[in-house]
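So that you can tell them apart, the chains are marked A, B, C, D, E and F in the order they are listed, and the count of residues begins at 1 in each.
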Amino acid sequence: MDAIIRFLQDTGFYLFSQDGNWRCLIMLGIACVLLYLGIVKKFEPLLLVPIAFGMLITNLPGANMFHEIFFAGGHIHWDLIGGQPVTASLLADLHSQGVAENVLAPYIQQLMTAAQTAFSPEMVEQAIAAVTEEAGAAITPLEAQLQALVQAEQAAAYYGMTLSDITITPGLVDILYLGVKLGIYPCLIFMGVGAMTDFGPLIANPKSLLLGAAAQLGIFITFVGCRFMGFTGPESSAIGIIGGADGPTAIFVTVLLAPALLGPIAVAAYSYMALVPVIQPPIMKLLTTEKERQIVMKPLREVSKKEKIIFPIVVTIFVALLVPSAAPLIACLMLGNLFKECGITERLSKTVQNELINIVTIFLGVSVGATATGTTFLSLQTIKIMAMGVVAFSFGTAGGVLLAKFMNLFLKEKINPLIGSAGVSAVPMAARVSQMVGQKYNPGNFLLMHAMGPNVAGVIGSAIAAGVLISLYG
Amino acid sequence: MDAIIRFLQDTGFYLFSQDGNWRCLIMLGIACVLLYLGIVKKFEPLLLVPIAFGMLITNLPGANMFHEIFFAGGHIHWDLIGGQPVTASLLADLHSQGVAENVLAPYIQQLMTAAQTAFSPEMVEQAIAAVTEEAGAAITPLEAQLQALVQAEQAAAYYGMTLSDITITPGLVDILYLGVKLGIYPCLIFMGVGAMTDFGPLIANPKSLLLGAAAQLGIFITFVGCRFMGFTGPESSAIGIIGGADGPTAIFVTVLLAPALLGPIAVAAYSYMALVPVIQPPIMKLLTTEKERQIVMKPLREVSKKEKIIFPIVVTIFVALLVPSAAPLIACLMLGNLFKECGITERLSKTVQNELINIVTIFLGVSVGATATGTTFLSLQTIKIMAMGVVAFSFGTAGGVLLAKFMNLFLKEKINPLIGSAGVSAVPMAARVSQMVGQKYNPGNFLLMHAMGPNVAGVIGSAIAAGVLISLYG
Amino acid sequence: MDAIIRFLQDTGFYLFSQDGNWRCLIMLGIACVLLYLGIVKKFEPLLLVPIAFGMLITNLPGANMFHEIFFAGGHIHWDLIGGQPVTASLLADLHSQGVAENVLAPYIQQLMTAAQTAFSPEMVEQAIAAVTEEAGAAITPLEAQLQALVQAEQAAAYYGMTLSDITITPGLVDILYLGVKLGIYPCLIFMGVGAMTDFGPLIANPKSLLLGAAAQLGIFITFVGCRFMGFTGPESSAIGIIGGADGPTAIFVTVLLAPALLGPIAVAAYSYMALVPVIQPPIMKLLTTEKERQIVMKPLREVSKKEKIIFPIVVTIFVALLVPSAAPLIACLMLGNLFKECGITERLSKTVQNELINIVTIFLGVSVGATATGTTFLSLQTIKIMAMGVVAFSFGTAGGVLLAKFMNLFLKEKINPLIGSAGVSAVPMAARVSQMVGQKYNPGNFLLMHAMGPNVAGVIGSAIAAGVLISLYG
Amino acid sequence: MEYSSIFVCLMGMGTVFFGLICLIALTYLMSAVVGRGKKAAPAPVPAAPQTAGEVTPELVAAVSAALAEELGTDITGIRIVSMKKV
Amino acid sequence: MEYSSIFVCLMGMGTVFFGLICLIALTYLMSAVVGRGKKAAPAPVPAAPQTAGEVTPELVAAVSAALAEELGTDITGIRIVSMKKV
Amino acid sequence: MEYSSIFVCLMGMGTVFFGLICLIALTYLMSAVVGRGKKAAPAPVPAAPQTAGEVTPELVAAVSAALAEELGTDITGIRIVSMKKV
């Protein structure tokens, strides 16, 4: 009978009724909405479906597929992953490093039970009382418990006993998350992206790079906005980078600077990338005259194979020297591109842009989604981040368009400012938006190839911006 | 000359002559038989070939491709994998945790030699004698050696020396085994299986789920049988789950509950899955009348795409809440299915059911096979497990058939009880058996689609059963 | 302003001007030359492009994509990878294990700064002076610093402070390098190679195995040469194995025996494999008469499927027993071959020879290249290694040709000695060279299939040679 | 923790049946909400295994999918005019 | 370390612009050194997606591969007699 | 452990030759036991590639892929009108 009750108390249905777990229900709803957006509305489905699914499974109480404590305090706790017990002194250590109490609380509770069994409930109570008294008002109940547990553990050790045999079985997502934590997945995805990217239009018209630079305005405007809203510097950087409109870059920066915000930032980044056709056109129309939108651009020159091969090498060396923190991203992007362009590593290029990127996308998506637990996701912060995401995309778009207009003041061969918006990256969606809007005002105008230049330039630009932010706050 | 002798003593040929290594010869024979079954008899070759090969290489003395000590006592010893020396205190610790002596013995022997060199053979002898005397009869020679070594190590440390510089170079299989130990491979295989599974027949005829439930009877009957034969609860659970006829589920449960039995259980599970066409038909004929076998079932309704997309989400949420321990398996199965059904993540679905599952299958097979060392595999236990495996499959088959007959008492549209046997899963073999047997008695009868329903239901059912057992004994 | 200066000092451009970093410039040049050789000259591009790119990124100062300290002293420092701080006692420990000073120096400097802040510059100076005085002349300045730091750390610990919060964020290459360090990549590549290899010609004409054995002469001649040039035994072994002309074998051995030489050896191995058509023909012509070169060989018998299936199993068992250290290489090669030949694991074979080998090739190439930092690569050693590489290939070629001539003294059906050179492996390039040279002297002579025998035999031979060397020096 | 065999059996089979019966209900409910497809379609699509030999509709579908992927999404149409088994 | 928002903004946009302007120069330089292709080619190759529309050999290969995979190994032969763009 | 160079050489070449000579014996033995194929077949199977002879779809795929690879991407169209075994 007892066993049945314990079994029932293990079910997720019961756990929902537990303190704080109502959040999980809401999160399940959000996950389903994201699945709907991904599947039915086709919002970047390749990433949004895994992310939403990760969010779903992490919020099923009791499933225990992701344990924040393995990565608490910025460390990877290999020993815990390997099955070593959670000790009170480790918890105290993590607490003093500022790990959130809701991460530690369940383990403290388990240790408390162990201590009460090993000694007696009264003795533990007394120890807590003693600690509290000694410390005065300057201590929370949880801190007092923790200190008492550390004492109990030491006492137990003195008698040759071990208080704790609480081990954590790592879940699937814990292991997959290692690749996020170590920054591997974004790099590998960029390798695949590089193998799918054609830098030809950029080489044919290097001026596009300026538009790619201007579109990074969104990142820094958002940064300022976030600082005003009370986010810390590193957090603001991570949120700002949403404006880069490159998923892997955003995740790479966020893991380094503000891992706690990974869930909402990833969701914002990929959602808004899918919303580019909604967000950009009004801004593009607002900032341009009808005549500008009709500007026809000359076809681009053909780019030789040699140029295409040398370009990725040059960019890697230059960018990695200028902003070393951006080196992993740029190097992987360009290595992938080199595989594609050099013509004799066809099989590497194919694998990198198919199987490797697919596998990594699933692992990344599921584990990024899994960081979005109720307690971290359901907060005002998330709403602020979603709001700032729109700001980031809007200012990025505006930056690109405005610089194109500004450049037209000096150039003989005018640029159609509609291609400026493509500088936010979101490859190749943003370039298609330029094409679409352009064709609306001049049906014979083919801007796609011209927009591809700023579009891929935006990827490089965002990586540089990311590098600057990491170097300042990393 | 000395070096030549040492070299010869390193060869596997010499090592065969060493104490206990005759077992390896037998194991090589068994591995070859399994290869024969896999390759010539086509017993689930995709898994049996890697498993048999893993078994072969692990039993080549001296090859050292798998070291049980890295995973001894339920922990992953990262430090040892990373190249830290094996210390006497670690060994003593592992011994007190109940790690088998044959795992520890070679390292104790090496440390013994080190201690005899550092101090003197006599001193070590004396220490062992002292330990033995003090402890009285209650100590085995190995324990005495171990305690003496711990003392020697402490003494050495006192003089600033280190007794041990015995490091273990991790072999290929050690690393591949990490994915088994951490429960990753079964989940990833299930992701691929999900992407290959069509739940349409199940959605069209949800009653099939009952047959999938009934076929889990084999699991629990076997559990009871194992308990009677003297296996512990967790061991019985792991053996019982063979009756689930789902390789990944069986491996997932076994790694958690009875890792020492991994080899025989995996071999049994995959062998009997291949033997389904041999095991099932007699039981099916025994339990049904000729008339029942000729029942023709109405064609199934078509299932809409929407239903197919929503189904995996609903199942994931419900099952993970009901039996949280089953969440990883069900979630991965359903994520794979979602990739397939949602229609716009085609590339993820393709990768998951091809390259990813293939890679993981190889890694899983080889490392699971490698756990089957002579000392663990060549025992009465293995024979018992093989015997119980047949019991499990038989009762599972019977359960499904009998429930179908029972349901027919109440249903207007009769079910052909032959599809009940498909509930054991072993997808799609068991469903084909239903089709085959059915067609024998009524050549115009196409049961395949109807049998697919219980067949895939059996996968869900086994996952739930696994969840219950893990939750009770995990 | 301060921040700008700090930012500028972080750029790679500034870092180039730092002490010793001029080497990086040279290394970038070398990397570009290798890229040129790989892409334009088509020197084994699948490996040379990733290796060269790895070399490029590791030599961009500041990019920090590879940290030798994670693998210093032969250990994998999981704790550092996991984010634990670098302590003075760890550094002192590594130093005493003989880790190169240039690996430790940057961390010592950082700790020095921390100590100067925690205590005072003067106190630290005094401590260093005291240590130096006490030790006399027998201590380098760096050792003195290190000992003073250890004292400072202990003092800090006494006051409950931690001196060091210097953590190292693992870079992409660090993680990829784990697979090299643990010996996984060479094995997995061999699995793919096995699935691409046809042992048919070898089974049809087992005498080929002798030629494959003779071509290993290069390995041991080179070994002797290296010993004379002052390399240690393990280093000479690793350099000698270049003569095996099998990339994975060379890397496998080097990682185990002389990890510090990994960069140059890998570059030499793959470069010379590409240069086989340049190196071999003159030697082949020198050692053979025109008449010998025109010998026509009888077509080979057809080999049955059964033989092809049993062959890999037999070879695995025999070689792994004879030279257990070669087991991982041979087992993987033969497992891949078994997947191919057994006919019913087609999907495993396909994955292993495509996606898996491609992914691993990229990871291996980049991380092996990344070990070639300026300080390790730009030395006389590298030039010696490159020189010995030619020696190795030349003597290997000669060995094969000469044994073929010697065998002709006894055989009735003469062997064309040109196929002897194929015994160096470098599959299938060396066999093609035999064909090409043969056809030049007798246009109707088709030696390709006959040369494939020694060619694949050379792979087995090199693995055995590698096993012997590992067993002697491992 | 020790449990009696009977308990484990009942608990296990009970949970399996309870779970799958609930799933039956949920599936019916889902189908009802979503709106079922047509009843009793004439030719139900065969299941997971590939089959072999004939130019089945699945085959055509697979080929078309390959085509579609290769051609990108913005193309208006390619049709396999004929496909013959030889 | 605390930085003023203005500083981060200027620093960031400054570096981005500086970097990309340098890249413009480097790209022009590279093209000059390598020797540019012909100016204003009539039909520039479209970007990321592989091309679209025509019945290229890759397409035929892909279709054939799909066929081969779909049909398993025991089939004796299928030939794509013709493939038309419509 | 220090070994003389001569020792390593002899040991190494010795083991290699011993091992491969044993393998020769084992291979002959294996072939004898298994039952050899026909002696001196007229057309020995080429090395790596899987089978040969009929114009299977796989073959068409492989040929097309090879063509595609050989011809690069800028080719406008090649069609395998027919392929005959000769």
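Brief remarks follow.
Rule of thumb we're sticking to: a contact is a pair of C-beta atoms (placed from the backbone, for glycine too) under 8 Å apart; a residue touches a chain by one contact, two chains touch by 3 or more.
For reference, the UniProt names are A, B, C = Sodium ion-translocating decarboxylase subunit beta; D, E, F = OadG family protein.
Remember, it's a predicted structure, so these values are computed and weren't measured experimentally.
Shared contact partners of chain A and chain B, listed by label: C, D.
Using the average of C-alpha coordinates as each chain's centre, F ends up farthest from chain A. Homomeric contact chain B/chain C: same residue numbering on both sides for under half of the interface positions. Using the average of C-alpha coordinates as each chain's centre, C ends up farthest from chain D (OadG family protein). As a whole-number value, the distance joining the C-alpha centres of chain C and chain F (OadG family protein) reads 25 Å. Averaged Cα coordinates give chain C a centre that lies 48 Å from the centre of chain D (OadG family protein). In this assembly, the C-alpha centroid of chain D (OadG family protein) lies 35 Å from the C-alpha centroid of chain E (OadG family protein). Of all residues in chain F (OadG family protein), those that touch two or more other chains are 1, 3, 11, 15. Touching two or more other chains at once are residues 3, 7, 78, 322-323, 343, 355, 468, 472 of chain A.
Looking at the complex, you find that chain E (OadG family protein) touches chain A at residues 1-3, 5-6, 8-9, 11-13, 15-24, 26-28, 30-31, 34-42, 44-49.
Of all residues in chain A, those touching chain B in their complex are 3, 7, 10-13, 15-16, 28, 32, 35, 38-39, 42, 45-46, 49-50, 53, 56-57, 60-65, 78-79, 81-84, 167, 169-172, 175-176, 354-355, 358-359, 361-362, 366.
Residue ranges on chain C touching chain E (OadG family protein), taken from their complex, read 3-4, 7, 346. If you check the complex, the residues on chain A that touch chain E (OadG family protein) are 196-198, 200-204, 206-207, 209-210, 212-213, 216-217, 219-221, 223-224, 227-228, 233, 237, 298-304, 306-307, 310-311, 314-315, 318-319, 322-323, 427-428, 431, 448-449, 452, 457, 460-461, 464-465, 467-469, 472-473.
If you check the complex, the residues on chain D (OadG family protein) that touch chain A are 1, 3, 7, 11.
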